[in-house]
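Structures for review follow.
In the two complexes below, chain A is the common chain; its partner is chain B in one and chain C in the other.
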Partner chain A sequence: MTDLRSMVRSSRAKLLVWRIGCAIVLVLALRAVLGLDWSAVAPSWLFLLTGLGRSWLLAVVSIVAGGLAAAPLALARVYGPPGIRQAATALIECVRATPELMIVFWVYFTLPLVTGDQVTSWNAALGSLSVIAAVYLAEVFRAGLYSVPRGQSEASAATGLSGFATFLYVVLPQAVRNMVPALIAQLVGLFKTTSLVYAIGVMEFFRSITVTNNAVFAPYELYLVLALGYFVSCFAITRVVRWFDPKYQLLE
Partner chain B sequence: MDWHILWQYRAALWDGLMTTVWISALAIVGSTVVGVVIGCLGSTPSFFLRRLTSVYTELLRNLPLLVKVFFFYFILSMPTIPAALLGLVLHQSAYIADVTGAGVRSVARGQLDAGLSLGHGYWQVFRYVILPQAVRIVIPPMTTQYVSVIKNSSIVALIAVQDLTYQTQEINVETFRGFEAATAATALYVVVALAVIGSMTLLQRRVLAR
Partner chain C sequence: MIVFKNVHKFFGPLHVLNDVSFRVEPGEVVVICGPSGSGKSTLLRCINRLERIDRGEITVDGTRVDDATRDIAKVRAEIGMVFQQFNLYPHLRVLENLILAPMKVRGLSRDQASGIARELLAKVGIPEKELSYPAQLSGGQQQRVAIARALAMQPKIMLFDEPTSALDPEMIREVLEVMVALAKEGMTMVVVTHEMGFARRVAHRVVFMDQGRIVEDAAPEQFFTQAKDPRAQVFLSKILSHI
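Then we have the complex of A and B:
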């Protein structure tokens, strides 16, 4: 008896118990899932998959575009001359304090009132998600630049490198290495944010689910697909982050 | 530009602001309570508690807030406000649990060992040694989470809770003065966020002064 108890206390036995428990839950869940009526939903699989693909496309394109815009913003905030530095800081902080949904509405409803020509909902979605990505990535870049110890740039200045050479050959390579996990982690947040462009009529994953539900009315089945689609996508990105840095804390 | 429209619709904007503020306040309180409890359970030595809480956080963090809110509103047919609140609390509590867990773990391991070797139980050490130190570490990331709650609360406009974002859209539909309304709403959101950041900074000063 004491043998058994000490065995259960050992971490390998606990892991085994945990895995068996997970397996039982998964089997029960699978049985419940197969018990649902999938006949109404099954014909729409390609439509739903296209929606998921569009969500991915939105997230990836806007994180690339946002990254391109974020680099000058971050550089202006860290190295810019006095006036420009404050302007960049104010811009980043104001956009970061604005709800993402408001930014989407700004780009889709409000900017056309100022400029006079209508934007398509797809372009508005790309634009607003890029703006969101740009300000958050600017903060990631800034944190990356600050993560390089000051001694590094002092040492390279002492060896006679110019300010620009110090930045390019000493600070930047180390900063990039440090910020890779945070960069990919931003993709998780952005992927979830893509669900907001549902509000302006883009046929991404969330809207394609609601549209299908309006047509065939299978809320439980479709919500399961919805949750699974987002969970698998975000979880996959999380795994990539963990692969780069096992201890990385994903906080938004 | 016609900024008078804001004065004309001041009642609507004020109502929207108040709705945003009290929904955010309730969601902040709720998600802090749930998140801190889950975070503390997740940082105990118990293997199963750690695993279970990580399932909770991973599951909720990898789903968009909109999915949760729509689930409660459309699938479970809950009224708008409870659906919105439940969605916000579940969503943010996962992040707050992570912040709390990180804070508790960042208190040096030696502190726990020292407390245990003095003969105190785990919960005693947790309550009197680890928690007071963790609170200081946790306040800045908690501020970020609270600002997120305020920003995320705008999503409830999509299930027709008449918050600030909803009122902005209403003004836009009624008068086509979307620019003025959106500017005002954005400014109000920034003000609310700054108020939260300011009060959390004051709180941190008081905690650090002790």
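Then we have the complex of A and C:
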């Protein structure tokens, strides 16, 4: 009994020490932030905000375009006839197995050879990010489809529903629900991937921070803004997807 | 109603159905039993072509179902099936589970389908659960919903694939009672089960399978008291000693 009491007391003591520690760190962090010199950075706020806006535009457009392409890709890989299935698999695996930065360069430098026309870095960025989004989202969709037990489509088929009706009313709703956690992770990843196109000269958030730092040299202030910008954006994406996630607490 | 003629099926090198021939007449209740791996579930799943066969002929209600080109959905609509793991749709409420196929396959209106569904839920003893989700029900309740879902298509034949094997003992009875009532109404039923009490009460015939073959096909009393095949005798001595 005394053992138990002393254990409880010591765990409370640990909690107290932990809390005091956290408070000290917070205060120090706050002092550090307040102590920073923002005078050099402040005039660039519009420039930085524009960069963040461009990052968002890149992310939204590539996720929408990539998502639209990902659905047929995933369907082809799961349900497609031989030939089409292998083609979809090959495309997905090739893009996934190569660095994203390489895809960006590939689109930027080789697309003009195909179209015979100069590709602006903005269009190359949108194109390459859409391709990247398409294959990664296709894999998220595919995992969602596979997560629905076989018994579900068997039960549906046994009642006389066609293959398409089984997919639409039985498999798809469950697949969508199961893919939400992976979807959140993937969308956050894709948002961060937009920073890669700074390599072909697009003035997105990461590059605008770097450029500003080269001009005024305020690394602490600027990289703090960088971290905050990405954190707020990714957190917002998480919240938005959760918002669309049907409430299934009743079910499980 | 159901005719198997010299049916063979292989899973790779495994001969799961070996020259199986048998018939089920309209209104008949046939229980299929046998050791695990004897091919009884496979036989059942061939009736609505959830499994394809490699050789032989299967006819259901005058329609060949082993013919790959035929529109199997029409045949399936007339055959209800109940699974060991229930396989209710977890994202739909109980009533929605029941009305999906009647609306999409039979083309009934939501009101018509709901009317039939409510009658069936009352019949299986859980009229108050129509707005619940499957996960909110006990195993026995889920299986009764699954039976109601199959009946909602007003099928001519009902197939049961070990319907009580995933249930706790106290829930087995409530499911069996629904099945007994169904049998007494004259439904044509093929039931894979080890519930020998059920077989004794309502089955017209008991079919015993071993290693992909039907080795015994007899009336229940005859099967329980004077099984001819030694494998059936061994099986019975193991199962009946528990009752």
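The working rule: the second predicted complex is superposed on the first by the 214 of 252 C-alpha atoms of A that agree within 3 Å, B and C clash if a C-alpha of one lies under 4 Å from a C-alpha of the other, contacts with A are read in each partner's own complex, and residues count from 1 in each chain.
The rule we apply is simple: a contact is a pair of C-beta atoms (placed from the backbone, for glycine too) under 8 Å apart; a residue touches a chain by one contact, two chains touch by 3 or more.
In this text, all values refer to a predicted model and were calculated from it rather than measured experimentally.
Novice: Which partner does A:S128 contact after superposing on A: first (chain B), second (chain C), both, neither?
Specialist: The answer is neither, since A:S128 touches no partner chain.
Novice: Of chain B and chain C, which one touches more of chain A's residues?
Specialist: After superposing on chain A, more of chain A is contacted by B.
Novice: What is the contact status of A:F231 with respect to chain B (first) and chain C (second): first, second, both, or neither?
Specialist: A:F231 sits against chain B, while chain C stays out of touch.
Novice: A:Q152 in the overlay: touching chain B, chain C, both, or neither? Say first, second, both or neither.
Specialist: second
Novice: After the superposition on A, what does A:S162 contact: first (chain B), second (chain C), both or neither?
Specialist: second
Novice: Give one of first, second, both or neither to describe whether A:P173 is in contact with chain B, with chain C, with both, or with none.
Specialist: Only chain C is touched by A:P173; chain B is not.
Novice: Once the structures are superposed on A, label A:Q186 by its partner contacts, choosing first (chain B), second (chain C), both or neither.
Specialist: neither
Novice: Who does A:P99 touch here: chain B (first), chain C (second), both, or neither?
Specialist: In the superposition, A:P99 touches chain B alone.
Novice: Do any residues of chain A touch both chain B and chain C, and if so, which are they?
Specialist: 250-252
Novice: Please name which positions on chain A make contact with chain C in the complex.
Specialist: 149, 151-152, 154-162, 165, 169-170, 173-174, 177, 248, 250-252
Novice: Please give the residue numbers of chain B that touch chain A in the complex, ascending.
Specialist: 47-48, 51, 58-59, 61-67, 70-71, 74-75, 95, 98-99, 102, 141, 144, 147-148, 150-155, 157-158, 165, 168-169, 172, 176, 178-179, 182, 185-186, 189-190, 193-194
Novice: Which bits of chain A are touching chain B when the two form their complex?
Specialist: Interface residues on the chain A side: 11, 14-15, 18, 94, 97-102, 105-106, 109-110, 113-114, 188, 192-193, 195-196, 198-199, 206, 210, 219-220, 223, 226-227, 230-231, 234-235, 238, 249-252.
Novice: What does chain C use to touch chain A in their complex?
Specialist: 48, 50, 73-74, 76-81, 83, 85, 87-91, 100-101, 104-105, 133-136, 146, 149-150, 153
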